[in-house]
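One chain, chain A, links the two complexes that follow: it is found with chain B in the first and with chain C in the second.
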Partner chain A sequence: MKMNKNHWYARFLRGTKGVFRGNPVLGAGLALPFVVVAASSLQTAVGLSIGALLTMLPVGLLIPLIMQKIPEQFRWLDYPLRALIAALFLMPTRVIVGAISPALMDSVGVYFSLLCVSTLLFASRAMTVEEQRLEKVLLELTRLWLGLTMVLLLVGICREVLGNGTLWGKPLTWMKIRFSAVMVSGLGFILLGFIAALGQKIHRSVLFVCLWIGKNGRTVKDKIVHFGERPPKENKNKISGEIPEETADHEQIPEGKEQE
Partner chain B sequence: MMMKFFAIFVAALTAENLFFTRAFDVYGLRELHRSPKKMLLFGGLTTAVLAVAGPVAYGINKLIYGLPFYYYINGITHLLILVGLYAGVYWLLKKYQPKVFELVGKYLPYAAINCCTFGSLLLAAKDTELDRWWKALAYHCGAGIGFTLAMLLLWSVRQRLSSCHASKSFRGLPLQMITVGLIALALVGLTGNQLPA
Partner chain C sequence: MSVNERPFPHIRSEERSPLMMLDTAIALIPPFFMACFYYGVRSLAMGAMTITAAICANWISSLFNGRGIEWWDASPVVTGMIVALMMPASIPFYIPVIAAVFGILVVKFPFGGTGNNLFNPAAAGLAFVSVCFGDQLLSYPVPLEPLPMTVDEGIKLVQGPASMLKMGAIPTISVEQLALGNFAGPMGTTNILVIAACLVYLLVRKNVKWYVPAAYLATVSCFAACIHHENITAGESIVLELVAGSLMFVAVYMLSEPVTLPKRPMAKVLYAVTAGIITMLFRYYGVAIQSAVFALLLTNAFSPLFDYMAERARVLERRAIRENE
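Now for the complex of A and B:
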């Protein structure tokens, strides 16, 4: 399915590249440990999201500057340097994230330290390595982070509500059923699979509606109002050349065929 | 001793598999999934790195454990071990074994510094049962081989799913994740989901 590049939905997808379309987690399966295992509540999701932001942005901005100073024969140090700089920035980040909730760092465990070797960090290198302008790099990294954050929050909310019946640690009185198995890594994978499928379904549905509107040549408002209604019968009859339904009878033979 | 070594090795290989129970992943999986040979090479490198770094990390962890800032320096110390190992192997191979370097040089950074190697070292540092260097070695060897097998299984799942008729929304990553989740659930049945965080 293709559409005009000036279409509003195409422009929306281009503008939100990395967040909705081309999401690093739902599209490429990056940063799996954080989404599948560590994001067990909204608090941990927020903590991990802050941690990811405070490692990705400084690394993305500092590494190009450092690599300019390093001689050509030591360029292979680019990869470990990223991890080391991220690990350095993780130390103060621990204090910031720990301030959100004292129990947060315990529940995240080793996963917080893993942010410095996250696949997203190395994927951002591949995306920004040829970009010269700093603001473009910053924009690309922000998009990647927003994409990760969106999925982290979705998974965190789903797991906390379904598993503990709470949200941000506060009990939800309307939530009577507990499904604590959702905290297990296996169901984390399954939940992520369903979220990715839902994302694809929404994208395909919106694309279908956009193309349908464009094909029939009506205004968007008219099409949304009439969406779901059947096309008028007279148009169908005009095209097929059959007898109108009011007078049609299954046993009745059309005039043309009778003559034959 | 041998029985204990074997028990830790098998536990790390199956019940505490780094991919299925902890979801540790590596960068460049998509490229690796094009051929199982590349995956085996990558897995072999990862296991070798873990086998060497594991006992070293065990010794260093003994030294720094109990320091006032252990909580903050633990991560960066283990990362420095991996970076040092990577830099040493890279330099040695390039200088003395250029043919081997041509073969593995491309994968070396991704195999040496990733979630699997770093996470395995951090988990072993936290685990009080791994109180001997050979126990740490058994754990890291099992973790490396278990991760390689998981990658091969994932490749096989991908191949099979690509030829099945699935709903358009579920094609690709969603179906893979659901299949991996089902395998992970089967493994969780062995441990009862009581892994340390």
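Now for the complex of A and C:
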């Protein structure tokens, strides 16, 4: 099938769902405390990202399997069990991250334990995928983790460079002015908002260019509103003889057919 | 009979946003001259740089918003002037520039630009720089000693009376000095008589409703009279609290900003009283020196709530009257 530029872009967005479009932090506001408060440097961001990876993937994969084994009459234990599993995986994660870099563990501080909550939220979101097949859940979790990591790294880099004038602890000589206010959580929120806005602007710009290249009747502005979403399934019980509005408005009926 | 085919509003008053901003900008010129008198030409240069930065930031944000450059918009000029006047005259030029640019690009532009901002851009810019460069904003040059363009470490810097009050000390300044603004402080906020004269101008031009600064200053005065240091009387406490910091300046120029101020008169009074209470709470129990600015920012967030409350009260009052009839 021949694909337009806009189809490629839509396919790219669907493939990377959770990383760019539907980002768990920018779109759904998950794991905000890490991003806004804890991610104050690149090191912290990397530490949190590793911690999230080591807890999210096993927890997200194990919870559906364990839940299948639990008898129906004990299903009310669903949420406490999830919390318990998440907390269990947090302990080895703490040891591993601490072994990689003790300084990194110190910089994350008490926020590391909060990973437990975010892990549960991420796992719950990943388990909503159709069919709940393990490989699909794993793929969804990986995308969500990539999305979280991307935002964590962006915020961490911006805050470290602007606030401390360093990158990975190394001083940047060209950075003469320090904006220590960036380290305050309030400014962290503002920074996150600007990153979200920038992402939206880039998305709309790419979309505009793609649609402008592959124009096919409808206005570019109409298309931008519902871009990336799958088209709704056609109603099979539709009364025959009615022409769909969209076709009537925008698509030209070939002359030969009209005459028939 | 000719029919007016233009869209509404058909009856227009002379009170328009550009004119109001122009009036505020005119009212901000005398404090600049006083700053020039006390600290030299450097204060004017700082003002010019800040205004230029604010205008450039506003143009960039307007272009980014797709609105085009609005030549008639004097609001960035006002923002730049307020920011510059709230700074010590000896501060490096880049700090007020950063404050103005932050106010316009981060606080004003994301909400839709002129006329849509939820928070006062100048107040937000000042709050940002006071967190980033707090130490430099706390030491002021001595008045009547003209400063060179490049300020080095040799210049004598002293603490302002607001800082002294915060630390529990009583500043020893005569009434004449207080009235004339002949004491260390932000370069445009110490000249109380000039600010009062500008308030009269703004009241005459109907830019400021008298009850807004009155409610604010009355609340602050009540607080100062009730809670004050042991060594001074209630009257002295009121005078010091009103005059020592940037409170009068905020009351005249920033509190009555038409965009962030609620629309209903009752809501405006509530807004001013809340701002006064928060200012004094910040002064007594907070750590920031520019407490009025932080209080104003916090009160800005309540502005729509006050409007809603005033509107609701009006509806209930009307309903009660109708039921009585």
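One rule holds in what follows: the second predicted complex is superposed on the first by the 195 of 260 C-alpha atoms of A that agree within 3 Å, B and C clash if a C-alpha of one lies under 4 Å from a C-alpha of the other, contacts with A are read in each partner's own complex, and residues count from 1 in each chain.
Convention: contacts are C-beta pairs under 8 Å (C-beta built on N, C-alpha and C of every residue); 3 or more make two chains touch, one makes a residue touch a chain.
What you see is a predicted model, and the numbers here were worked out from it, not measured in a lab.
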If you stack the two complexes on chain A, which partner ends up touching A:Ile190: first (chain B), second (chain C), both, or neither? both
Would you check which partner chain A:Glu135 touches, where first means chain B only, second means chain C only, and both and neither mean what they say? neither
Touching A:Leu88 in the superposition: chain B (first), chain C (second), both, neither? first
Identify the partner contact of A:Trp76: answer first if only chain B is touched, second if only chain C is, both if each is, neither if none is. first
Does the superposition put A:Ser113 against chain B (first), chain C (second), both, or neither? first
Just to be sure I read the superposition right, which of the two partners does A:Ile177 touch: chain B = first, chain C = second, or both, or neither? second
Comparison of chain B and chain C by chain A residues contacted: B
Chain A residues contacting chain B in one complex and chain C in the other 184, 187, 190, 193-194, 197
So, in the complex, the side of chain B touching chain A is made of residues 20-27, 29-30, 71-72, 74-76, 79-80, 82-83, 86-87, 90, 109-110, 113-115, 118-119, 122-123, 126, 167-171, 173-178, 180-188, 193, 196-197
Residue positions on chain A within touch of chain C in the complex are 177-181, 184, 187, 190, 193-194, 197
Of all residues in chain C, which touch chain A in the complex? 94, 98, 106, 110, 128, 131-132
Touching chain B in the complex: which residues of chain A? 26-30, 32-33, 35-37, 76-77, 79-80, 83-84, 87-88, 90-91, 94, 106-110, 113-114, 116-119, 122-123, 183-194, 196-198, 200-201, 204
